[in-house]
């Protein structure tokens, strides 16, 4: 192997730059060349591809987002789109590909490998942390800390006004951010799509707390579970409490990555290069049993990542 | 003068605790007693009033919100409500009142003084910075920094995705937060209620930037100027750009106050006590020509605080 | 079991409050009573002990330090000191003890259990992360993020001045903070007590970088490996580079705990209570294979926690 | 005027990039060309000079340090060095110069103007805020907030351990950072070079607090007033308190600039260009009476900036 390519795909996640840096420098350290593909699979098709040096990734480990940028590509979802991308694999003499992204990107990588035998190693990077197979994805820790920081700020206001706050967090169809941020933020209730909930039950808990003297509460709602705005309206209708809603939105994705996301990106980036050098060709890397590990890419595509029920129950107990 | 009261009213603002601390300690230093009134004018009416010591305000200068809490009081808007509050002035032998809040609170203070001759000194505290007479209000600097921090985070995502982001910030009917945060955040356009704008013009600027190679933009919208969500929809319709909207909401109010808001709260709190001790009785304190100063309360209630047109034009020039 | 005690001991660590909150609420949820012991073993001897309610731990999860405070106790190191503490176990009818702290605290807990048969469960909390048996200790993640944040700030200055910066971080006799912060901060070299290093080698690397055009560097030094100030002097003598030294000191311990430290504290606190309720009596809890787990307390006292050599080598490769 | 130059000189200060961005874009907006001079006067002498475009200053407003870098130049302190720099003024056809830096840089600018009649406008940028004539310098607000943030973190530990902390902050021969950070951080004592102090008095205050039940304290020491380490040793000797010292060092200079420093940099940068365009030739810009203003450069070089005695006294009163 003499030359590999690297791209980021799907939603951006803090720590992607640490992974890019690790791929580039680890590869160069071992004498490989690295081609950076801009704007994900879209840039692959458009030949938006160029060589990367040690200096290309200087001073990026602390930056949010991805210097390679990312984009959706409808064309890559088609056989003919992937064929065009493969032409660039040949043209740029890329012998292995590191793909940093979420499950959609992994699916694209799998098809690309199956159709054109390009060796691929995928690195899980999504703030949603919803990729099966790995315990952690790059960006999750930063997103959770961003959400918790916002909850902290909102709690100041909630306390001063004796108000109820609904905070809607990201996570697509999964509740990982909501659960972790709710537990860390001391939320009075947490709503996630994986578990049923009833407005009445939430209201009951609020009323019990209120009678005990609890004058302010924060409820964390995963975007996949309910609309924060509609849920807030319901709560207000039933309890009569002064209810405010905040939809955190895209600021959860941004900001300087946490130490954990930088270390995670660095380790998984380096591991991906090692595996390509060993001649492996359809793998995912990630964290298993608390350690960097790898497995067949299919394990990240089948099934569904389970929420930690014990953590959910614990959050309920600790917020009495 | 032997005993004064202090309350916070209206929306909470970071730095209110620094002001409370300064009022309490400055007064005690000069031998006065201080009664803390909880939940603003509502607590005044309900006799939710208690003595404060040096230790009551220990370890609060770095906390957001207000330890005295705040609330709306419809009752205090009526003559009879204020009469009930005045009964507590007499009952608790309060000889002067420091009122920390926004223009609504100042209006209440004015009426209270005129009707019952209670000496009042008002301290401007509102993240909106919309109180006439003072150049700065407590909480504004923190709110602006919170908004700028959010813009920073969103820009990471905007850059990675080559997207257009609309960020709606607070400010009620004024554009102070939007202008300051937009200027500091390097926003491509800033929409404020004080100045006319047209969607077409904003789109023209976006298109010009796009043709020059600018692949991402952030537009800051004051809540008083437009709904971020509706404005984003319009922009998308006209330009076809991938447009995302974030409504920052209440997290702008929270968090550890900045150094400036703590110093401002400390200085104005101490000044208010000095003025009460001098026998003054219907004043506002604030910043004029860059320095703590005081003036008749009416100056804060008449007229409208002007936006800085030069700063607005500058923001336009610097975001080319 | 009807009543348990909880204390924090040794150096304070961010996330201790989350653990206290979890112990108190989990215990009360299951019908137990909780006595809080102030100032660690010193407070135990002095009977500085009082009941804790659900409300005692409200609004503390986001605070650094420990509301129970902590202190060194020379007296508890003696048999007679522990005997006095045991009198308070009897007086306050404490049937099990949760001890949150570092290895010194664990040793005290072990002796206390062996001599007086008091059931103890220990929760590892130390920013140094040097407790054998557990992969993670409460406070480590926050300390690392604090150090990385400082490195970020220093890098701004290093870049502007083309300077070499030495940053000395905490960790006592271990290099965990230095390694993790150095890897996450992109440090050019990392010095830890677990591995030999030579000033000459560090200087060689600096000179090689310099010749390649690298105009600024950051070297992270664990306090257990070398004095940052002396090391900086040596480097300057050999290379002639403009070298500045920053000793981060106690600010690494403080600040709002990260989400991870809050979740870790919450989970381990709850687990400790469960184990006491099951009648277990000399355990440590912690993280093993990425998950909360427990084991005999002795495992935390024997041996030495190993540094991750692979992470160390990786840091070297990525900082070329 | 067709072409101007811009440089940063002396110690770096957060917000310098905002000023560079404003100079470049404001000038280009009015049809001027801008040459960026790297590494201050040293780069001027070495002809390290190149054209800047609108895009050269994209995405820098939120970055600490200075993209133009800065350096000391012993050569520019000599007549012959300045003559060499002037050759580059001619070579690059620079008709006016914006110099962003501290008082040393201003003195260089003055000589350069007097000897070679190059029009200069100086922008005050130093975290120390010690430049006479202007109420504020770029970088001060960020440095103070960095120091206050560190004090917050240290206070967590101080509270948990019932300890005394000495925090040494920057400021060169002036106490501005110490006073502002001490006031905002609620420090129990503040030591600045402008005012006499005695260890005994500080100890007396500590002992009085201790007897009243104050179990932890933070003392802020300006580097120009005393060595934190020696002062801490003295305090410990006299009081016997467990005293820890933290020297904040260079991390005060770094980090994302605050909103205020970005706005300040933007406004002063634009004003400097306007003044050059008007044909003015030996000015300083800055803040006077709370507003951007300009005056003869000599006003920044004569005399000494006075500390705010009232703020100092207030800090004493509020920390009882």
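Each chain gets a letter, A, B, C and D, in the order it is written, and its residues are counted from 1.
Convention: contacts are C-beta pairs under 8 Å (C-beta built on N, C-alpha and C of every residue); 3 or more make two chains touch, one makes a residue touch a chain.
A quick note: this is a predicted structure, and the numbers were derived from the prediction, not measured.
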If we define chain centres by averaging CA atoms, which chain lands farthest from chain B? Would you check?
C
Distance between the CA centroids of chain C and chain D (whole Å) is 35
So the centre of each chain is just the mean of its C-alpha atoms; given that, what is the distance between chain B and chain D in Å?
28
Could you give the separation in Å between the centres of chain A and chain D, each centre being the mean of its C-alpha atoms?
39
Residues of chain C that contact two or more other chains, please.
152, 155, 159
Tell me, which pairs of chains are in touch?
A-B, A-C, B-D, C-D
Along chain D, where are the residues that touch chain C in the complex?
8, 11-12, 14, 16, 39, 63-66, 69-71, 146, 149-150, 152-157, 159-162, 165, 244-255
State the interface residues of chain D toward chain B in the complex, per the touch definition above.
18, 21-22, 25-26, 28-29, 54-55, 59, 61-62, 135, 141, 144-145, 148, 152, 155, 159, 180-181, 183-186, 213, 256, 258-260, 262-263, 266-267, 270, 287-291, 311, 314, 317-318, 320
